[in-house]
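Have a look at the structure below, then the notes.
Here the chain labels run A, B, C and D in written order, and each chain numbers its own residues starting at 1.
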Amino acid sequence: MSDTVGLTRDEMAERAALDIPNGAYVNLGIGIPELVARHVPEGREFIYHTENGLLGMGPSPAPGEGDPELINAGKRQVTALPGAAYFHHADSFVMIRGGHLDLCVLGALQVSQRGDLANWSTGAPDAIPAVGGAMDLVAGVDTIFVITQHTTRDGQPKLVEECTYPLTGPAAVDRIYTDLAVIDITPDGFQLVELSPGVDYDYVAERTGAPLIPIRSTP
Amino acid sequence: MIDKRTASPAEAVADVSDGATVMIGGFGEAGSPIELIHALIDQGATDLTVVNNNTGSGEVGLAALIKAGRVSKMICSYPRTANSTVFPELYRSGRTALELVPQGTLAERIRAGGAGIPAFYTATSVGTPLEEGKERRTFHDRDYVLELGLTADFALIKCRVADRHGNLLYNKTARNFSAVMATAARTTVVQTKEVVEPGALDPEAIVTPGIFVHRIVTVPDPAHESVLVAEGGSYP
Amino acid sequence: MSDTVGLTRDEMAERAALDIPNGAYVNLGIGIPELVARHVPEGREFIYHTENGLLGMGPSPAPGEGDPELINAGKRQVTALPGAAYFHHADSFVMIRGGHLDLCVLGALQVSQRGDLANWSTGAPDAIPAVGGAMDLVAGVDTIFVITQHTTRDGQPKLVEECTYPLTGPAAVDRIYTDLAVIDITPDGFQLVELSPGVDYDYVAERTGAPLIPIRSTP
Amino acid sequence: MIDKRTASPAEAVADVSDGATVMIGGFGEAGSPIELIHALIDQGATDLTVVNNNTGSGEVGLAALIKAGRVSKMICSYPRTANSTVFPELYRSGRTALELVPQGTLAERIRAGGAGIPAFYTATSVGTPLEEGKERRTFHDRDYVLELGLTADFALIKCRVADRHGNLLYNKTARNFSAVMATAARTTVVQTKEVVEPGALDPEAIVTPGIFVHRIVTVPDPAHESVLVAEGGSYP
């Protein structure tokens, strides 16, 4: 298989969006998760939350029309849709910590077969530690989707038996969308749900750092 | 299209089950969702735990719910008000239990419940009979007690205007407990005088963002408890 | 001395108002404390807080002009002055518990010489216990004034060595305004500050249930 | 007449003493009170503990305060942002300490400080390296950690419009930490684009009631951090 096997970043985001129920309140992490907002499936409406104090976040403003004080958690300028509401940080995390968001889509450095997530630090001794709202999101939001490349740039698996990087939260992740597959976290470990076009089980399994349960055949 | 409107008070409270915990907004009559409470009386759920600052007055609204024998326990700060005769009788006869909570602690316990905070410390009630049974702990040379977050199956509240998404504005001091209770219930049911389209409300001024609201019922001309009581009304 | 010795309820409220500093944020309890609002001394401005969600509370509305949803903690209709703000109950008690109010004026059943306050329950076995916001106010507000008749209707002292009624809070009260006198709580106990017109030390001391330290003579 | 206006940023921060804890509003550049921060740099107070979600960018505003060596400790959730070079250097050289706090816990600790709550429990950080040194406790079969309320000597914040009493409205997502910090400082200093008379603001829409505000400075046309950084600006 070639280097261009599997989904693009945008296709991964589109695939994840398919699994978000209509009317859901959703927080999108920085990076590929931000792309999910471009792919609302026909007939559905999602309401986006950004932890810096906005519910009803819309797309980027037209050039020259933004307000440097209307930004998202990634500190990029955004817009507010009709029905939006502004609030302060404590109220914003009432929504997160109190379990009011339906779903959060995050990036990952590593996900373990138990759903442990590591996405804030490589633990490198000279790194400036920075956590932001990630730990609150994984502790507070019921359903956590992860979008990530299946492996690191140098080919190491990001889906692993045990995370070696510092955790964002234990047993946090529900489902993982990679360029190669959709994989659920189950009590038995990584459960393959769907293969990307042109990808087969063995290709994914070889690049996964823990056992991968094949798609159950319909009985 | 996100649309949380529900056809009637009856439909909005149809699934309240026996034994449920129900937060009811209001401080005295300000913010009391009378039409939702009356729909709950009609619906018949019983053995309820009700959270409200008071216990209603006369024989309408919350007092009528209590009088109908549906409330096995009240959690409140001030169960004794003018024209409040229903609760005292049931309490003295042992048919309705009471958990008395200082008003600020009650508001904060509800806020904590909605905020995913299971417990917090407060100096309120330290050295008083209401400290009984609570864990005491010292921080920075002052004593505090541990209080637990409070959540509910339903919150029944009243507002002035809502949009389809459930963004709410209240009327003056009718905001009181309602804006906090909206955050602490699995299902928050709102009666509003008016529903407008998303975008009609100033996003800087919204008090309760729609994420906390699940059902909206329009009651254009809600009854006032004091008027009903003055008329000698009773429900049903 | 006659039955009409000492200050009226309204005069007690007026006297207490004299000691409230300009610009103070003040919460007034139910009963005589409510009357304090009628007596803002010339040249001062106070901002009244009512715990059910209003800062900038004004007087009762003109007949027929009230809103049953604009009330005070005593559930009486009030008005909102220019510069007022509405907020919910949790935010209201942030102001109280967080120490943001300057002063609170409360009624009392009993005050002990250490400043313990009892004002919510007589502890009678058939009483319906009701506490409201009183315990939060005494725990959170720095300066607590009490306005009360010096004795009960049947002549028993309300200023006592030890409260026999259930406490609202220990060591809470700073100053007491009665029909007979102004009295401070000090580390040494009740300190007479001022006698009402026509009242002498012995008259007050006889009606006080603990030692009363005389007014210090100017050295 | 209650009037919290102060003549200048310099006057508003004149009494910040060495060793003070200063909360500074803003999330990135949104809500950052640049003019107040620059006045604090001019004023000279040092050995400060600063609470902010980030550590500023470029060499203006918060980053300039850090660069000037005035900050001995940062309490924040995300000290690493685009164009943030000042803090990393001082942190690596050990000249500025860091207390890293998850963003929601930071907001809630500040809110608790303002609310007279010395401590609360949260599930955030359980099972992670940031749990270290915290007390763990189980409620309803889930584990939580104890977190302490956070207060400050000063809060420096920015708003859109204020009245003389200190009632505040903010601009969009510039509200962020500022409305919480206003409650948690002994002295809250606000820079506003505009001051209006009491009564000009809708009492239903006020975000920060005046009780939390002590000094108001008018800065009609505040600088934007991103513009200053793009221009290669540095302060002083």
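Basically, a contact is a pair of C-beta atoms (placed from the backbone, for glycine too) under 8 Å apart; a residue touches a chain by one contact, two chains touch by 3 or more.
Computed from a predicted model, the values in this text were never measured in an experiment.
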By C-beta contact count, B-C versus A-B, the higher one is B-C
Separation of the C-alpha centres, chain B versus chain D, in whole Å, is 34
Rounded to the nearest Å, the gap separating the Cα centres of chain A and chain C is 56
Dist(centroid_CA(chain B), centroid_CA(chain C)) in Å evaluates to 29
Shared-interface residues of chain C (touching two or more other chains) are 80, 86-87, 93, 96-97, 139-140
Among all residues of chain D, those touching at least two other chains are 108, 111, 115-117, 122-123, 170, 172, 204, 207
Touching pairs here come out as A-B, A-D, B-C, B-D, C-D
Chain B contacts chain D in the complex at 108, 112, 115-123, 139-140, 142, 144, 148, 169-170, 172, 202, 204-205, 207
Within the complex, chain D is touched by chain A residues 50-54, 67-71, 75, 80, 86-90, 92-93, 96-97, 121, 126, 128-136, 139-140, 166-170
Within their complex, chain A touches chain B through residues 23, 25, 45, 47, 49, 55-56, 80-87, 91, 93-101, 139-140
The residues of chain D that touch chain A in their complex are 27-31, 53, 77-82, 87-88, 91-92, 98, 100, 102-108, 110-111, 122-130, 170-180, 207, 224-227
Per the touch rule, the chain B residues reaching chain A in their complex are 1-2, 111, 113-117, 163-165, 167, 183-184, 197-199, 203-204, 206, 209-212
